Structures are given as structure tokens and as C-alpha cells.
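Two complexes follow with subunit A in common, the first pairing it with subunit B and the second with subunit C.
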Partner chain A sequence: MKAGGFLTEERREKLVLGGAAPLLALVTAMAITSLVMLLTGDNPFTAFSVMLDFGIKSDSQVWILNKAIPYYLSAVAVAIGFRMNLFNIGVDGQYRVAAFFAAVVGGALSLPGFVQIPVILLVAMVCGGIWAGIAGYLKATRGVSEVITTIMLNFIAGSLIAYFLKEGRLAEREGNIVHTPDIPGSSHFFEFATSVQPIHGTVLLALLIGVAYWFVLSRTRFGFDLRAVGRSESAAEASGVSVTRTVVTAMLLSGAVAGLVGMPTLLNESGNYGNDFPEGLGFTGIAIALLGRNHAIGMGFAALLWAFLERTGTQLEFEGFDQEIVGVMQGIIVLSVVVAYELVRRWGVRRQQRLVGEKLARARKSDNDQAEVSA
Partner chain B sequence: MALRGITKRFPGVVANHDIDITVRRGTVHALVGENGAGKSTLMKILYGMQRPDEGTIAIDGEQVSFKGPAEAIARGIGMVHQHFMLADNLTVLENVVLGAEKAHGIGARARRRIAELSDTYGLNVRPDALVEDIGVADRQRVEILKVLYRGARTLILDEPTAVLVPQEVDALFHNLRGLTAEGLTVLFISHKLGEVLSVADAITVIRRGTTVGSVLPAETDPKRLAELMVGSELPTPATRESTVTDEPMLTVSGLHLSGTDSDGLRREVLADIDFTIHRGEVMGIAGVEGNGQAELVEAVMGIRTPDGGSVTLDGEEISTASTRRRREAGIGYVPEDRHRHALLLDAPLWENRMLGHVTEPPNSRGPWLTGGQARADTRRIVEEYDVRTPGIEVTAGSLSGGNQQKLIVGREMSHQPKVLIAAHPTRGVDVGAQAQIWDEIRRARHEGLAVLLISADLDELIGLSDSLRVMYRGRLVADADPATITPEELGTAMTGTASGHLTAEGAETAEPAEPADAAEPAEPADSSGAAEGSGAVAETTENDTPADGSGTPDGNDAEGGAR
Partner chain C sequence: MRRVSRFAATVAIAATLALTASACGESSTESNDNEGDKGPGIAFDVGGRDDHSFNESAATGADRAGEELGVTPEFQTARSGETNADRVQRLTALANEGYNPVIGVGYLYGDSIQQVAADFPDTTFGVVDAAPEGDNVYGMVFAEHEVSYLAGVAAALKSETGRVGFIGGVDNPLIQKFQAGFVQGVTETDPDIDVEVDYLYADDDRGFADPAKASEKANAMLGRDVDVIYTAAGSSGSGSVEQVAAVEGAWAIGVDSDQYQQPGLAEYQDSILTSGVKRVDVAVEDLITAVHNGEAPSGVHEYTLAEDGVELSTSGGFIDDIQGDIDAATQRIIDGETTVSDTP
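This part shows the complex of A and B:
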């Protein structure tokens, strides 16, 4: 009976703690940003109201949502690694390799859309998986740190794409842009029409990945194994989890999700992979995974916040503010997040230990009482 | 040196209260107490790693308060940790000088000083040997030298004999006497009463976080000291009627494992291991730590791959099965190091209940987890095994050691294992939890469980086991009948001097050159079985709590997270 009472209290507390950290981080970040703006002679409140006004305009909303899709996918890819203590810095290289070869395959085929889109997605996931799998394999068999290998693989990915992305190899020239052959229009992803620009249909892909991420990690045996390895490799090993296999699998999955990061751009916007294809989404993903605490919904909010900042940053420039302030803001948010999470975590641990102590004291007291009764 | 009224509160763990100790200069002062009695916390306070909530420390009559180890060192207090803190890839000289470059430079002056100290105290170190090339006992001497080099006049040694074989223990004690002869003071922490009685000039006993008495070795014996350590009534691990059957449950034959040491040389870790444990039998393995027991357990669990030999569980060949497969087949496992191998400290209790059994009900059905059932079953374990916790959502790391161990034992027992591999099942566990764990093993044995018991506690081994083996340098060198053997005889056999079947007479034929230092003190043979039952219950009610204060509402000002 007592346990039930404690349970609800604990769950409530968990929710409060979960929400407290990002809130604390955002408030801190806003305070520091305001200070920076005051120091540079700008009025922070004007800036914030400009951002808010512009950010909630309907075309801004669509822009933010579309921008958040690859951010979210990238964050999930990073988070899969984080959950088992692997730092996959290589999402950047993985999604570019994946998008490039998916674009090449997509441009070379002209199948009906319902066949070709899955083929393109599959190629992307396989390529991303292979690229990350190299790091996973080296980690599992040779113990090479995945941080090092994935960074190096980012550079190799860049060179690999640069080699193939040339006229006469796998690409064609159009003005200043060199790009892979266009994917037929029938193979573009569907869109949701709105009164302004359309919303990318790949948003459903992101939702699907988010749900799958949550489900696999928290509701399946495989997810449990993965989290166990992340929490304690030695305990997982003793419990019967094959650590090497889990490392490789997690890297493959992380890479496969990373492979999808370029798809919203490829299938909803450009239709080809050119030398203007967006770079650096993988690094943004790291920041968003941190901000969203590797939580499926948290990362959704974080991706939207990130896109909101980028959208409104451009407007700040029109209003005479320094556009760099958004970059400053993003940096400060990530730093405050890391600090705030650690603070809240420590506070939670202390509180829990106190609860345990109280319980023990109570139990002892009641034991003593009983002893007196029996005596 | 005098400690007065030292109190330290931690949430959830045993701390200290009202500690009073007076240590005279030039003596070896032993601090004894059970695992978890609060010895280590006290030493950390003395060494400045923790600050007491109340109480005072005085050195030579002058009251001191340390903010960190650096200040303690400056006041001449040095600590030799149980786990050595040496850089393997540096020489002895470099290790000693490291961090104390200011004292005598790093060149010829430092070398001279080291040679001088080594000669004065008979430490006999080779300054240019690489630390990775020297043995455990030598490393310990390097640690002592390190402390002396920093000008320590008071040395704290935390369980220094845990890693040593008896001869090395003797050599260490010889060194310690050399130190006190030069006017230094040694504070010696141990729970091995035989050793304490042979080396100490004065003994202070700690029980449940407080000092319960100070005695002189000449005026006491192991039995009285043991009673002081655990309270008036000693729980006894003795099992009574035999439940051994002739149905083999776990058969290991010809097991062989070799490893590569730091020099790249192949070395036998396990050789020719043969044994059979039957239904309802507890087989104990005695041995000084580091003689292959941990490797044996890991080989049986499938965590290490042996070079040869076979493992058969209840007629099923599992020599090549994965760890998970072996667990599913019915091997329960209580690992030696519960923090590293048995728990996810940051995960809630119910997730820890899944660990190691995630493929079995009530934790999962097919590939899907069944969290609700696992939670319900965790509540049952908490209830049945008396795990003291406010709920099952708290992290495993916030429980005290005894409660963590009860959860682990409860988890392993909940899957009806055929064989239980228990490595030091009651290490670092308070007396109440210890009695409960023993009861649980006895109950399961009665129902047909086969147990492989590894323990450094010889009384536990002799008391619980139906048969005993002695392990030395990776081999099972001798066997013994727990009904007739004494801890002293077993301790002697652990030094590798005996082989074959040990009987009371047989032990005498083993070279008596080795005193039974490694042996735990004799359990009082007269603690009656009838008293044991009620005694254990009484212990349970009193013992499993942390020291006073840690549980009271003002506990929140104590430094949590220290663990």
C-alpha cells in the first residue's frame, strides 16, 4: 500500500525533474543572451519580441517544421549512440554518403514512385549503416574509439563524394552547380499543401522514426540490452549481453537513421545531390540530442526550437541586430543544458538517497517498536 | 593522535557516529570491524578525503581539520590504499617521485633519499624496476615508500593483506614493526582477526559505525574479538542436515585457461579443473584471492572462453554456450563485484530485476518487454527478501550494499536456478543481510539447488559447504571435509603447502612453516544451532540501517552523491 503511494510520488517527481532541467537551461540561456545583447548595445526585449512575432507567422511555421525534420532525424541517429555510451560524431559523413548514393541510384532508375521511393530510402539507410558500421566494427574487434573513427570517416566521406561528384563520373554540370542526375518527379516524396508553402511529407518519416526509437529502446529486449551496455558494459556482459554485437548493431542502426537525414532535402526539395547539398546537419543533431535528453519527444521540441532560432535569426538581421546573436544563443543553450542537466541529476540522486535513508530510519523505528511489543 | 566523537552522515550508507580512538605514537594500532562497519569512511575522514559532520581530530594534542588529502599529507599522515595507485609503465623511482617532485627533486637527490628510506625500513625496493614487472607485495612496499617519501609519520593501511599470500603477509608485518621501531605510527585496517592479533599493539573495534571497544591483543582471543565485532550473538553459517544427492548438476572437467600477462608471456590461469556438484550440494572453493577463482567463475559463466575442457549442466553440454544461454539453462550468478557485474547503478530497481534475465518471464514475452509484470515481481522480491527501499523506482545505486545484495540474490533465486554460482555472496554486507542470504542459500539447497560457493570468509565456506576444494595457482590442489576441518587448517592449505584429501591429521603433515595468518578466526564452535535462528532475526532488525542520523530528516544536509 505504501509502495503505491511512493510510486506515484516518484513518477511525478521524475516528470518534474525531466521538465525542470530544460526549463532551467532555457531561462539561463535567455538571461545570458540578454546580457550579451545589453553589452553590445542592443535591447534584448525588442529582439525577443521580433523573434516571437516573426517566428509564429504561418510561413515561418512551415519553414520551421520542414527544417526540423532533418534535425530530428539527425538527433535520433546521435541519440541511439548516446544511449549506449557511443559518441557517433560521424552522422555528418554518414548522411552525406547515404544521400549521395541514394541520389545516384534515384537518378539512374525510373521506376514507379511507390517502388522507387522505398528503394531510395533503403539505399540511403544501407549506405549510412555501412559507413557507421565501419566504426562499429573497428570498435568491437579492435577497440578503436568510435569518436576517432567517425571523425575520420567524415573526412573520408567528403573526399569520396568530391571524387564522384564530377562531370563525367556520377554527376552533371548545371551552371555553377555540379549535381547528380535529377530524380524523376514521380519519385519525389508527397507534400501537405497549406495556404503558404507545402509541408514536407517526410515529416511522417521523422514521426515514424521517433516512435520506433522510443518503442525499440523502452519496450523491447534488444532496447534493454542496448541500454544495459550503455549503463554498464561489465554488468551487461555478465548478464549475458554480447557487448561487441550490441556495439555493432547500435552503430548500424545509428547509421541507418543517419542515412535518412538527407532524405527530406533530397526527396522534398532538391531532387539531386549537388555541391550545394546542406552540410553539418550531423553536428546540429548532436546539439539537439543533448538538448532533448535523447528523449523521443524532447528531441522533437529541441529540433523545432533550433529551427525557430535559425528562422528568426534571419529576421533579426533585417531589424538591424547582429545575426550572430542566434549562433551565440544556440551555443549558450547547449552549454546551459549540459550544466543544468547535471545539476538536476545530482539533486535528484541526493533526494533519492535521502528518501532511502528515511525509509530505513522508519523501518528501524518500527522494528524497535515491534521488539518492545514482543518484549 | 586522538579522534573524538567523529560523526559522518551519508544518506543510504553506513557512516560513523561517536567514534573515539586514541593512537599512541610508535605503535601498530589495528582498526577492526566487519565489511561495511564504517572503517573505510573513518579512514577517509582521517586522510582528509571526507570531512566529519561532528567531532574533532587531534594530532600530538593539536586539533586539526583537513580540507583535503594534501593537508593530511602535510601533517604527516599517509595512506596506502587497498587498491594500489601506481603507474605501471613507470619505474619505482618515478612512481615514488611522481607528485612529490618538490620534496627532493627528480634526480640523484631523490634516488639517494629512496635508497636511504628503503634501507632504514628494510623495504628492499629496486628503484629502476618497472612497476608492471614487480609483484604485488613489492608494489605494496612501493606504496609504503611513496608515503614515507612524502614525510609521513603516521601510515594508514587499508586492508593491506587482502592481496597477499601468507609469506608476504609476514614480510609486511616485519616491515611494519620496522616502521614503528623508528617511531612511526601505523594504523592498520583489517577484518582478519588472526592477523590483527599477531601484529597490533592495540586494537579498536568498530561495529555499525561506532567504536565499541578498545582491547590489547594480549588480553583477548579471536573469538572474543569476533563477538565484539558483530555484537553479542554471532550468526553462524553452519548448515545442519545434509541434502546432497548423487544426481550431478554441474560437471566441469579438464577446464584449462591461459592468459597473457603484462610481459606478453603465456601463463596458465586455470589448469585441470575437474569437479562435480550434485543436486542439493554446496561446494566451497577456498583460496587466497587471485589464485584463479574469479577466472573459474567467469569460465563457467561463459564470460571467458577457456582453451579446453567441458562444462555440463544437468546433463546438457554448455561448454560453448553464450552467457545468456547458460543463464537461461538455469545458472544463477551472484558476482563478486556487484557494482561492476550485477547492477545498473543508475537504473531503477525494476530494471535491475530484469538484468541477466531479460529473456525470461516475467520480464519479457518474445522480443517485447513486459514492464508491468517485471515491476510487480520486483515488488514481490523487495517484500520477500526484505530489501529496504522506499520503492522500486529508486536507482540501485542509492541502496546500501546489503540491500543491493539482497535484491541480487532475490533476482537470481526467482528464476529457479539449478546451479547458483555465488562469489563472495556476503562480502561487504552487514550481519543481518548476511544471515538472510545464508538462510536463502540453505533453503534453496534444501530444494535441490547446487551451489558453487567462492568466499574469502573461511567460516562461511566451512559452515555452508558440503564439500570443499582448495584452489592454488589455478589448480584445485586439495579437498577437505567441512565437517572436520578447522579454518586454521584450511588457511594453511590455501598457501599451497597441502595436497590431496585434507583431514585433521593430514593438515599436520602439510608443512607447518606457515602460520595460519590467512585464516579467518575460528568461529566459536559452541554457538548453538538453536540460538542461531533467533539470533539472526534479532540481527536483522537491528543491523540493516545506516548509522544514526543518516535517515533522519536532517540527513539532507549530509553530502550525498559521495558514493
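This part shows the complex of A and C:
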């Protein structure tokens, strides 16, 4: 690394461009949402102030942070695929299968917590990995599009769980809820006590995964291979990267992280997998990965923003707004982000072209000057 | 390596900031000093207020009580794919704003009600279709299998083709109660009749808000000569009713509310044979009135056929000709002569 190179001109420009896109997207999204609210006869300013007021309350902060944990994990799982042009839509099925079997294993064992928690996490990662690996294997050996296989595997995951989640098979019944046997209390994840509700300890798991994601992708040979395959398969192949191996490994990793998505709910909240276990987190992950531009920190902010919107949506209903406005807002944000990134990217490219052009012109001019002097 | 440690430091600082920030500031509970006299607060299951089914029934009950007592009920709606945290938040918000009683409509609210009720000892919590514990919690469950038995009797007597069908929204214990009662009612009335059973989703609460899928399943059944279809699927049911109405001589049996009376289904009402009604409206109205009069109930109450907690609707007059058989079956259940199984 060059001495004092933290804020070279290039880096600064990269930072400004990186910050401009999400900001532009957010402002656009707020403007469009305001317009929608004005059209339906609501006052957008009241809505925003209600959301902000309620969103920064201490219990809201805890709720938002806890809610963002599975969103973040899900986004990382999706992003691993995105970075090499793999569209893993199957995170939803992967985390449900993983959480289900992890819950079954966790409910069947009664080891001390410091052994059992890692066992549960491991089972989840292996199950998620296997489920995603099927799609990866088919893609690598048969060239089957992972978009199709992962969608199909989502349905199969649903049916598989439904088959085992019956009284007398792997589950027990409690009123109108069927769930796997409870995981012993000693195997619940720890929590951070606060003045209001506790913060889930799985937040550390999410941080760890975030750091690992950043490190593996940008600081290892494998990460480089993976991004190279994402840019151009043929070029990567030509320079000695095994595309098949990278595809399978990426899917396995994506699946293993997906396997962890259900863990905050399982180990910090429910303690079992029942027919009230949350679904659809995998799809939310796609939106958040898009919003966070597959960036380890960007996705963190995106997950928090998502959770903030959901937290404050309920409060809007008390003020006479429809809570659907939150869904509209989320949709518009994702759309504006995609559009804004493209706009900023084009603007950046044009700016770079101009800068390079100016540099070249300057260089030629000084060449000419020298030529004149020597003549 | 320097970059790595800088990154690690940034993450660590951000984490510490986030964690400490979370514990500070005023909580939304502290900044609220409502007295708990704002009237009833109702939290719906997916499908929302106008699902032509049990959310709507709960809303009717709350509106009726509200009119009588001069209070305005607050309604909140769930989204598909919610987590327990979302439900806890909705109930907490209602209790926090001062609504009393706070009623969760649907078995998914069971756990969250129990959790929130502990934080608000002065508020009464009611929940439909679940039986949670707590001094200030009132669980309202219904004998769906009993009324479904009667629906089965009606279906068996009205079928011309000898084939009847059951469509459930989600394959869970609650909907299986409907299935069990219906199948038993059909076979005990006429053992020769075939009963087809199908579910929209194995394990996904979208099953209660997907009329398109119900319409598809009903269409397939009608194609196989089924001429009476009993659909227990919340707001998805309208899809099935619509398909049945397009076939001459076929009957739909509704569920939860008297679907013949639903304005939204008015154009199909001539095809709605009857409905297996759960008097969620009566249960909700009674709870609100009791709380208003300072006599908040607690524990779990099962609304059965014997006390008119569930009933087979007669509007439209399509089952008038078989009313004798229905009454006889009702009497047998009330007398304990027939025991209706609640699992298939």
C-alpha cells in the first residue's frame, strides 16, 4: 500500500460516487412516495415525522436491529451468488430446510450449550449447503440454469418440510401449531440485556459472516477467481480458473450462509420450527443485496433500513395511513436504487473518459512544447 | 495487513456504537401514558378485514359492540410471511396506544399474545383459534369439526354425481379439523360417496389469501365430476366459489361467515348452498362488552354446536328440504350420540 494513500484522488472519487448513488436513490424514493401519498390525500410530512419519531425510540432500535439480523444473513447468501453472476433465488428454500433439520437435531439432543449450539449451526450450514449444492452441481455438470433449479428446490423444500412437520413424524402438536420438539433452554443463543428488550446475540454471528464475506471475496485467491468468473467465464477459464469448481463452491458457500438465516429466529426466539416459522426471508434478502450493492457494509445499512420501514409501518396505521405505503416505499427504493446506480455508473464512466482525455491532451501538449523547444 | 485491521476496527466500533445506542433514549412505552380506555383493538390475520371469512366476522362483532357501547374499534392488518416479532409489535402497539381489549384474530397470534399480555397486566387480551395461558388472556376456540360434520351431511344429501370435495387453505391442525368433520359427515350419511381432499399449500400462510390457487383447485375438482365443494381457506375461498358458480348444478359450501350474505360474493350467492359459520362475531362482541362492563374473562372457551358457537347457515333456503336431516344430526352431536373426530 502506498504511503498516506488512504485518500488519494481516485479513492475519494470512488467514495463520493459510492455514496452518491444510494443517496440519490433514497431521495428519489422519498419524492415518489410523497407523490403517491399526496395523490391518495395523505400528508407525507406527517408520515415521515411519525416514522422517524417512532423509529428512534429505544425499543424500536432494538427491534430494528434484531429484525435486521436474518435480513443481513440472507442478503450475504444472495450476494455471494450475485458476485459471480449466479442468481440464487433458492435462499428461501435453503434456510427453511436448514432451520427445520437444525431444529430437529437441536430438539433431539441435550448436550451442554457450548457444544450443542455449534452442532446446531453446523447442521444448518451443511443442510443449506447441500440444498444449494444440488443446484450448483446441476449447473456445473449439466448447465441447468440455477434460476430454474433453485426456484424448483424452494417448492420441494416446502413439501419436504410439510411432510416431516406432522404429529407423529418429526413434530408435535400444541393447539393449532405443529412444531418440532423444543430445543433445551441451555442451547438458546445468549442475549445482550438493554434497558428495554434484549438484543439477540446472533448479531455477532451476522457481523462475523459479514467480515468473512468481505475478506474471502476481496482478499483471497478464491474470491478473486469467483469475481473473475462473474466478469467473464471464458476469460477466467483461459487464465486457468476452473469454472465448474468455482460455481459449485460458490453455491455451497451461498447455501451454507443461507442455512444460518433461520438461526436468529430459532436460537433467539422460537426455540423450535413450527408452522409459524417465518417464510420469505430469502426473497427479502434479494432486495437487500440489490440495495446494498453486494457490499458487506452497504447490505448492513440496507437491512437496517428495511427493518426500520417495517417497524414504523405499523405506527403509520394508528395515524390513519395505510400500512401498505411501507410496501410501496420498499418497492420504490429498490427500483430507484437500481436506476440510480446505473445513472451514477454512466456518469462516472463519462467523467473518467473526460479526465483521461484531458490528461492525454495535456501530455500531447507538453510533448509538442518539448518538440518546439528542441526544434 | 493494515487495511484489514482498519476494517476490523471500523466494524468493531460500528458494532459497539450500535449496541450501546440501542439501549439509550426513551422507549415508546415510556412516552405513552394512555389509560387503556380507547376501546377495542383488533389485529387481523392475513387476508385483512374484507376476507369474506373469519377476519370479517371478527370485524362485524367489533363494529356491533362499538356501536352499542359508543367506542371506535381500531383495526390492524397482517402481511403475508410475518414473523412473531411483527405480531408482537402489532399487539404491543395496540396495547400501548391504550386499546382494551386487544384481540388477535387467528392461531398465529397464540404465542405473541401470551408474550405481550405479560407486559400489560391491566389490558385484556383475546385470541381467536388459539389457547394461550395467562390471567389476562382469553382464548376463543371453536368446534369447527362439528359444524363441518353438518356441512358433510348437507353435501352428501345434495350431491347428484356422488362426488364431493374439500379444499383447505393450509394443511395445518386447524384446517384438518374442518376436513375431519366434513369427511365423517359425508361418509356417515352415505358411505358410497367419494370425498376428494386437497390443500392449497402444505406449509405457507399464503393459503389464506390466494383466491387464484383455490380457483384452480376447484376447477380441477369440477372437471372430475365433483358437484359440491367445501372450501376452508379464508379469503382464498372466493376463488373456489366463483368457479363453482360457473357450473350448472354445482354447489359451494362457505366457511366462517355466512357467505350467502357477503356483499362481495353477491353475484354467486345462488350457488352457495350453505356455510359452516363460526360465530367469531358473537365471541368478539361478547368479549368487548364484558371488558367494557369491567368483567374481563380469562381462560379458554370452546364455542360448540350445543351453545350455537358454530352453526350451519340457512340463508338462501337451499337446504330447507333437508333441514330435518340436519336437525337430527345436530341433535345427535349435542346428545353425544355422534362423536366428531377433530383429526383426519
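We take it that the second predicted complex is superposed on the first by the 365 of 375 C-alpha atoms of A that agree within 3 Å, B and C clash if a C-alpha of one lies under 4 Å from a C-alpha of the other, contacts with A are read in each partner's own complex, and residues count from 1 in each chain.
Everything below uses one rule, namely that a residue touches a chain if its C-beta (ideal position, glycine included) is under 8 Å from a C-beta of that chain, and two chains touch if they have at least 3 such contacts.
Please read all numbers here as calculations on a predicted model, not as lab measurements.
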Clash-or-fit label for the pair subunit B, subunit C on subunit A: fit
If we overlay the two complexes on their shared chain A, which of subunit B and subunit C does A:R346 touch? Say first, second, both or neither. first
Figure out whether A:R169 sits in contact with subunit B (first) or subunit C (second), or with both, or with neither. neither
I want to verify one number. Taking the Cα centroids, what angle sits at subunit A between subunit B and subunit C, in steps of 10 degrees? 130
After the superposition on A, what does A:S239 contact: first (subunit B), second (subunit C), both or neither? first
First (subunit B), second (subunit C), both or neither: which does A:N66 touch? second
According to the stated criteria, A:T314 is in contact with first (subunit B), second (subunit C), both, or neither; which is it? second
Taking the superposition as given, does A:R12 touch the first partner, subunit B, the second, subunit C, both, or neither? neither
Once the structures are superposed on A, label A:R354 by its partner contacts, choosing first (subunit B), second (subunit C), both or neither. first
Min C-alpha distance subunit B to subunit C after superposition on A, in Å, is 8
Both subunit B and subunit C touch subunit A; at which residues? 219
Report the residues of subunit A in contact with subunit C in the complex, numbered from low to high. 1, 54, 56-63, 65-67, 158-159, 161-163, 165, 167, 173, 175-178, 192, 194-196, 199, 203, 207, 210-211, 214-215, 219, 265, 269-270, 275-276, 278-280, 310-311, 314-315, 317-318, 323, 327
Listed in rising order, subunit A residues that touch subunit B in their complex are 3, 6-7, 10-11, 14, 218-225, 227-228, 231-232, 234-242, 346, 349-364, 367-368, 370-371
Residues of subunit C touching subunit A in the complex: 2-4, 7-8, 11, 15, 18-19, 21-29, 31, 74, 76-77, 79-86, 89-90, 93, 97, 107-108, 110-111, 129-131, 170-174, 201-205
Considering only the defined contacts, which subunit B positions touch subunit A in the complex? 10-12, 301, 303, 322-327, 333, 335, 340-347, 351, 354-356, 358-359, 364, 367-369, 371, 379, 382, 388-395, 397-400, 541-542, 544-546, 550-553, 555-556, 560-561
